[in-house]
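Presented below are the structures under discussion, each in the form of structure tokens.
Consider the two complexes below, in which chain A is the common component and chain B and chain C are the respective partners.
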Partner chain A sequence: MKSNDMGLIVKTMARTTIPLIGIFGVYIVSHGHLTPGGGFQGGATIAGAGVLLLLAFGLSEMRKRYNHKVYSVLESIGGLTFLGAAMLGFSVAFFYNTLWHNGPVLNGQPGTLLSAGYLPIMNLAVGLKVFAGLVSALAAIAAYRRWKE
Partner chain B sequence: MMLPFLIVIPLFGAFSMPIVSLLGRKAREAWAVIVSLATLGVAGAVFYDIWSTKKVLVYTLGAKSPLGQGVDFPIRIVWEVDLLGAIMILIVTFVAFMAILYSIGYMKHDTGLEKYYTLILILELGMLGIVMTGDLFNFYVFLEIMSIASYALVAFRTDTWEGIEAGIKYMFVGSIASSFILLAIALLYGQYGTLTMSYLAAKMAENPTVVGKVALSLFIAGLLFKSGASPVHMWLADAHPAAPSPISAMLSGLVIKAGGTYALARILFSIYGTSVGMKTVGWVIIVFACITLIVGNAMAVIQTDIKRLLAYSSVGQIGYILLGIGIGLAAYGTNAGEIALAGAIYHTVNHALMKALLFLVAGAVIHELGTRNLNELSGIAKTMPKTTFAFLIGAAAIIGMPPLNGFASKWLIYESSAIFNPVLGAIAIIGTAFCTAAYVRVLYTFFGKPSERVMEAKDPEGSMLLPMIILVLAIIVMGLFPWQISEKIMIPAVDMLKDQVHYITAVIPNFIGGA
Partner chain C sequence: MAFIAAFVWCYILWLVLTAGSNGMLWSAEELIAGVIFSAIVAYATRNIIGEKAGRFLNPVKWIEFTIYSIGPLFWGMVKANFDVAYRVITGKIKPGIVRIPVDLENDAQYTIMSNSITLTPGTLTIDACPEEKALYVHWINVTDPHPESSEPVAGPFEKWARRLGR
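Take a look at the complex of A and B:
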């Protein structure tokens, strides 16, 4: 039998670890303004879950679950959100952190989750963009062509 | 304040391109054209603002003032645009708009066009960022944005072997050049503890160090790579022919100038300014300029591939621009130096226009005939008269025929080099002789006896012809008022570029020092 996925043990382990990697990545992204890490690190971690899916279950499974258009749109939503957050305080200056200075949200006590103005938004945006970008890039490379024509 | 829109609009256009392109091909093309047209409009407003007020425009990201609270040094990223920057902004947005307009017809048969338009907008964004930034690390980031977009665009046609080969070569060479620049920035940061260009200039004037000089040599090395100066021009001669023609037009007209000669002039004049021996640095640049002039133009004569010929001609013209910058440094404060610098800036603009035109014409020829070999292109004047006429104008302008724009800028460089050192004048003339030989050869082919292959060719469609017509008109109109343009725009640009104290005080108002 010719199969391009890995064995039962690897697949079972992947089933349990993929959600854990995803949750940990989301934690890194959402606590970017409080703990080490941030958008890029968290996004790359979540993309690691995607890579594990690709490796453990093979390209055929990945093809079923990966839609190029969706990821492309997700990536551009990430970029647009970042740009939008940078434009929020445009009446003062580009990248002016108006959420932090004037509210209404994300201007809590420093050290709490809802603080730091536009930073959490930008971390989420960067995380989304990095995740979508890395997964699309790796899916495109995996699906590219075969070794020979 | 219009300045941030130069970044916001192309960035918005590029980020939203994958969403817009879900609506189909027409929407994506229209979106790219609208975005680049809007950027051109903003660029025109910014240029007019700076030109009419003669002020250095400073924009701070994140707050109203670049200075930190209670301290008198800048802590934020600033964008600082003087007249030279404004000229570059205008020419970058103009040529990018022409290239995008041209792409509609030219890239019709290619796939993956949503990536193409995203990348071309990112390329424009990177160049705009380079020319408007006043922060050294910001400069590096935009340089990388521009470089990576151009690597991807050179290798855009992945089904051709030469696209991949040129892309790999360009990427390896360009990454090494970028890492030189990053290393130089790291050294300067370690020594002076700031990345703001104007504050760095002030600190460097107070305390010139060896580290600063090492960083300068790394900057010069990296930026000469990026501008395609000899002896490190080899990536250029592969990259320009392999790229799609609108990209060649942008690479040759803009990328090697925004990321190469402009950045060199900015770093040499605005950061290092008077704190290094300008004569020595000037002569280093002059030596490379002379090699570049001769090698580029001489290699252009023997090419049989039309785009390779134009690429080598670009190397040769970069030699003129570098010669102008070099003499501007070596003869700092004299009349000759000022004229040379004005000539260099003027030639940057002129060469961007005429090389863009020539590459667009070459693209039209390739699009119609499917060959780049000059030996098979004889007699296309019969079947593609408009295209040939555009080439004639472009070639005459690049050689420096008097009624066209290339004349004035080359004249300024000849004149100043002859005053400064007659040997340099002679070298510049020899370069032009080779350049003339190369273009006359192409024209002779174009006007020759029509070959079999050429007979069923015809002029390209409207969307490809329109950018060529606009560029021809720009070249002719600019050629009619050469000295007015030189007097009203280029000389003030030189004055602002040389005024390092003003560049510093625009950011740090209470800076007092012997810069």
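Take a look at the complex of A and C:
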């Protein structure tokens, strides 16, 4: 095959399934305090959507859509948000869950979405970090210049 | 338009996943979180889902998809399963790869057609070539090595694929 993408059927199915994989990964991340899964699992799931884009559409399409600076910034934002959530209750202790004990938000009935204090924030941060990290790692591997020097 | 299509597509899956958060229905926070996350995912994938994906938001098309999947597709799968069971027991097979000329226009039609052929046992789509308007199908029992239409391999699937993907 001349181009480095997959055939028409794989590409069309990738068009329909990439948004679904994305929203399913976000579901896993955002319900990390309620259901099995969490930041890493959901982030790896969303990164799977990125890998599907890379495999189905080929490296040339991935080059157009992938911006290294954006992904680098996203990964840093994920790490910094995690650290920021950990610092929220610093007046008592590091990693003190002040949002849960006396915070304005995220202290609802256990079992609902807006509960568990800083855990949803941390899950989202870890999910973002894992997604950006895995996608940029795999894009870098795919873009490695050639088999032999 | 592609953003709206991706958004609706994502939000439907979100509603399916989070059903039951308030009795049998959805709690308000799940609905709002779904809007936010679906918007983010739809914004990220708006260039991937395809420019003309908005045509699948037509409710008439959903009804047609439902009719197709519980009617011709399911019936075709049942028949083909029994046919393959017969071939497994008796061993009467005549495998081969056939080129089927099809009269389809866009990617969605080719995908629906190919997936329907692959889902019915005994036939397996190997490649779809839109430039020569043909599908290459591996067939377990070749009765016609050079078919003029998709009728002997796929039955009514081509007619349905043409309508569903339009």
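We take it that the second predicted complex is superposed on the first by the 147 of 149 C-alpha atoms of A that agree within 3 Å, B and C clash if a C-alpha of one lies under 4 Å from a C-alpha of the other, contacts with A are read in each partner's own complex, and residues count from 1 in each chain.
One rule holds for everything that comes next: a contact is a pair of C-beta atoms (placed from the backbone, for glycine too) under 8 Å apart; a residue touches a chain by one contact, two chains touch by 3 or more.
Because the structure is a prediction, the values reported are computed rather than measured.
**Q** Is this a clash or a fit when chain B and chain C both end up on chain A?
**A** fit
**Q** Between chain B (first) and chain C (second), which, if any, makes contact with A:K69: first, second, both or neither?
**A** Only chain B is touched by A:K69; chain C is not.
**Q** With both complexes superposed on chain A, which partner does A:L128 reach: first (chain B), second (chain C), both or neither?
**A** Neither partner.
**Q** Between chain B (first) and chain C (second), which does A:M13 come into contact with in this model arrangement: first, second, both, or neither?
**A** Only chain C; A:M13 stays clear of chain B.
**Q** Could you tell me if A:A44 is touching chain B, chain C, both of them or neither one (first, second, both, neither)?
**A** In the superposed model, A:A44 contacts neither chain B nor chain C.
**Q** On chain A, which partner's contacts cover more residues, chain B's or chain C's?
**A** Of chain B and chain C, C contacts more residues of chain A.
**Q** Which partner does A:L83 reach: the first (chain B), the second (chain C), both, or neither?
**A** After superposition on chain A, A:L83 lies in contact with chain B alone.
**Q** Using the touch definition from the top, say if A:V92 reaches chain B (first), chain C (second), both or neither.
**A** first
**Q** After superposing the two complexes on chain A, what is the shortest C-alpha distance between chain B and chain C, in Å?
**A** Result, nearest C-alpha distance in the overlay: 21 Å.
**Q** Using the superposition described at the top, list the residues of chain A that contact chain B and also contact chain C.
**A** none
**Q** Using the touch definition from the top, list the residues of chain A that touch chain B in their complex.
**A** 69, 72-73, 75-77, 79-80, 83, 87, 90, 92-97
**Q** Can you name the residues of chain B that touch chain A in the complex?
**A** So the residues of chain B touching chain A come out as 4, 7-8, 11-12, 14-19, 22, 59-64, 114.
**Q** Of all residues in chain A, which touch chain C in the complex?
**A** Against chain C, chain A makes touches at 7-9, 11-16, 18-20, 22-24, 26-27, 30-31, 53, 65, 108, 112-114.
**Q** Please output the residues of chain C touching chain A within their complex, sorted ascending.
**A** 6, 9-10, 13-14, 17-18, 21, 27, 29-30, 33, 37-38, 40-42, 44-45, 47-50, 53, 107-108, 110-111, 114-115, 125, 127-128, 130
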